[in-house]
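Letters A, B, C and D mark the chains as written, and numbering starts fresh at 1 in each.
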Amino acid sequence: MSLVNFTAREITCKIVYYGPGRSGKTTNLQYIYGQVPDDRKGRMVSLATQTDRTLFFDFLPLDLGMISGFTTKFQLYTVPGQVYYNATRKLVLQGADGVVFVADSQARQLDENIESLQNLHQNILECGVDTRTIPMVLQWNKQDLPRDLILAPAELDDALNFRALSAFPADALHGAGVFETLKAISAEVLRKLSQGASGRQG
Amino acid sequence: MSADLERALDRISRVRGVRGSMYVAADDGLVVAQLLMETVNGKAVAALAAALARKVGGAASATGAGRVRFLRMDAADGTLLIVPAPRDLLVVALTDPRVNVGLCRLEMMRAAEAAA
Amino acid sequence: MTTAVVELWTEPPLIRYLAQSSARFVVVMTPAGQVLAQHGFARAVDLMGVAALGAAIMASSGALADLMGEATFGALFHAGQRHGIHLAVCRTPRGPLVILTVFGRETSIGLVGFFFDEFAAALHAAAPADRERGPILAEDFEAELGQSLASLFGR
Amino acid sequence: MPEDIRALSTVLAADPASLVYVDLAEVLRRRGDLEQALRVVNGGLTRHPEHADGLDCLGRIHASRDDLPRAREAWGRALAVAPDHPGALKGMGFALFREGDAHGALAVLERALEVAPADDGARRALDTVRRALGVESAVPALAPARPQPAVVPATAPCAPSVAAVGAAADAAAELPPVFRGLEGATADILLFDDRGLVVAGGLNGADGADVSALAAAGLAGVSSEAERTAQYLALGAWTTIVAEADRANLVLAPVGPGALLLVRRERGMPVGLALRVAERAHAAASAWLARQGE
């Protein structure tokens, strides 16, 4: 639930990048971290294993600047993708204001994508949140790989996007689609605030 | 609680007017072992006694008095007694105002030895 | 000494707690790691990172307790050379809050723990019930968002 | 000439532009050779007029000479060059406190501690200032400023504290003879306030040197600790603390609001007897304090 400080005119929102192992969630955050000037970001915290797989989460605080008279801050988190880390995924998901589902476009990863998306829905439900109302966007990552290895955005839409959510083809390693994805989820999350939905008031 | 420590605390608590006695970790202010009347908040006694012992210990060395071996704070409604023990422990007793301090002190010194 | 408070009702108990416990600084946050209030010498600290990690520790310890059939493990304490931290959950009508206390050698975990109990009770008593709120942002926020993100990415 | 002074002088002679002038001036200051220290630091500052360490050192020398306005000016210049200079912040806090501006000192010392969180000197100084203001933490100070302290607290920040202790000790020697007739009236009985300032009596160290100010500053904190302990353990008002230590027994007791009495007796004297002496000292102190209030 986003945190609104009316005294300091400040909004803080939590956005979680979700998806199967090695789909590129951490890469999204790393690209954002690399692009944003120092005065608009905090330190990026990564709890990773020795092989650089996310163990608990990555965390990146961002300062979006002034929106509608509020200093708007986003906290971006990733979850560990591997199936056996579900307990920690659930913890990171707690209190999320929006979710970016990062799918791996490779055809052979389709089952993992489906399984992870189902797992996301289940975990959101367990957090006591309605999956139909939580702001969410999809990202079809690794679209830069050879055509014969990947599914096209339309195919991924058919397989994963049942709710007709906004979806963005991406190459997170080189930055393509990262900005558009972040912009879309930011708009979804802030739209909820403009509609007077849930929130903690200070 | 080891039997030796338990016995030592039991002897202190047998002195008339003692409301409770305990071993406290001097640095952390946490209870290591305790024998208390129900009305005594062991957590509070441990934390505050350790803080007082540290403060008086520091001040005593500033006056050139050396290391404190026995500390007693008298108040209108009770007395707090503290004896430093080996292994960075404190033996602490909380008593009624008119307790036999000499007897209590003796048992606390023995309790300190039991912690060695 | 800095103080930043999002939820004003947390401030008096927070200031009292820091003074009583002689801690260096205290952060009050949601279980999701969002900072509701902080007080003390925290200028040199990456507060956002501290909150995210503190909340994560509490969340994982709670999950571990659950797995082991414990209701909760209560407070957590880590001792360092110069600083110790005390992490605990306080239940309020506003929902659970995670409290991170950082303290130095001028006090002790015993004192921090003792005064934390008082603080938790004071927070519980001071917390107003959660309430619905109206729209926060103007409906035409999207143009500003677009500009903000564009400048963020140097576009 | 001591070895360190010789070595530093040689370096400075070989390279008059060297920044080692600060170290040399500081060594001289600590030895009490204040005029020579002043000459050295002024020489260095002629070449390096914006050298914050040099300006900080100049402040310390002026403080040691008891020239507070000049000390404050020097620390002010240091802070103009380097706003977060820990030494200058501490010095400025010390100067402001001595001039009676405890609120100003509080703000500056809090900054000093933020800049150097591990600096025990700054922390002690801050504690002293907070006690003087009647605040335990750097809560926005609501307590009214107390009158300007008559004696400098022994825990005054950084190097000037040496001078401060000296000044306090000098003052102690001229204190009123409250405990006349009691054994150890000026060497083992001390009356001080809860800000750590000596009021009457005196306390000597093992070497005979006056440690009144140091003891008062150290023991003042015991009073608030005892009050807190008594309050939370529901013991009512505390009346006495007895500490039996290796070399002496100490009896500490509050005398009216805001004043504390310390009686020290050798280890061999029975505690009961020491308590009797303390009772007599307490009566004398109470009577004397009551007369002051008339």
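Methods note: contacts are C-beta pairs under 8 Å (C-beta built on N, C-alpha and C of every residue); 3 or more make two chains touch, one makes a residue touch a chain.
A quick note: this is a predicted structure, and the numbers were derived from the prediction, not measured.
Nearest to the overall CA centre, using the mean of each chain's CA atoms, is chain C. Across C-D and B-C, the chain pair carrying more C-beta contacts is B-C. Using mean Cα coordinates as chain centres, the one most removed from chain B is A. Mean C-alpha positions place chain B and chain C at a centre distance of 35 Å.
Per-chain Cα centroids separate chain A from chain D by 57 Å. Of all residues in chain C, those touching 2 or more other chains are 114, listed in ascending order. Counting partner chains per residue, chain B shows two or more touched chains at residues 44, 48, 51.
For chain A, residues touching at least two other chains: there are none. Two chains count as a pair here when they touch; such pairs are A-C, B-C, B-D, C-D. Across the complex, chain D is touched by residues 41, 44-45, 48-49, 51-52, 55-56, 58-60, 62-80, 94 of chain B.
Per the touch definition, chain B reaches chain C in the complex via residues 24-25, 27-30, 43-44, 46-48, 50-51.
Chain D contributes residues 203, 205-206, 211, 214-215, 217-219, 221-222, 225-226, 228-230, 232-250, 252, 262, 264 to its touches with chain B in the complex. Here chain A touches chain C in the complex through residues 1, 3-5, 7-8, 10-12, 14, 35-37, 40, 42-43, 45, 47, 56-57, 59, 61-62, 64-70, 72, 75, 77, 87-88, 90-92, 94-96, 179, 182-183, 186-187, 190-191, 193-196, 199-202, going by the rule given at the top. Chain contact summary for the complex, chain C toward chain B: residues 107-111, 113-114, 117.
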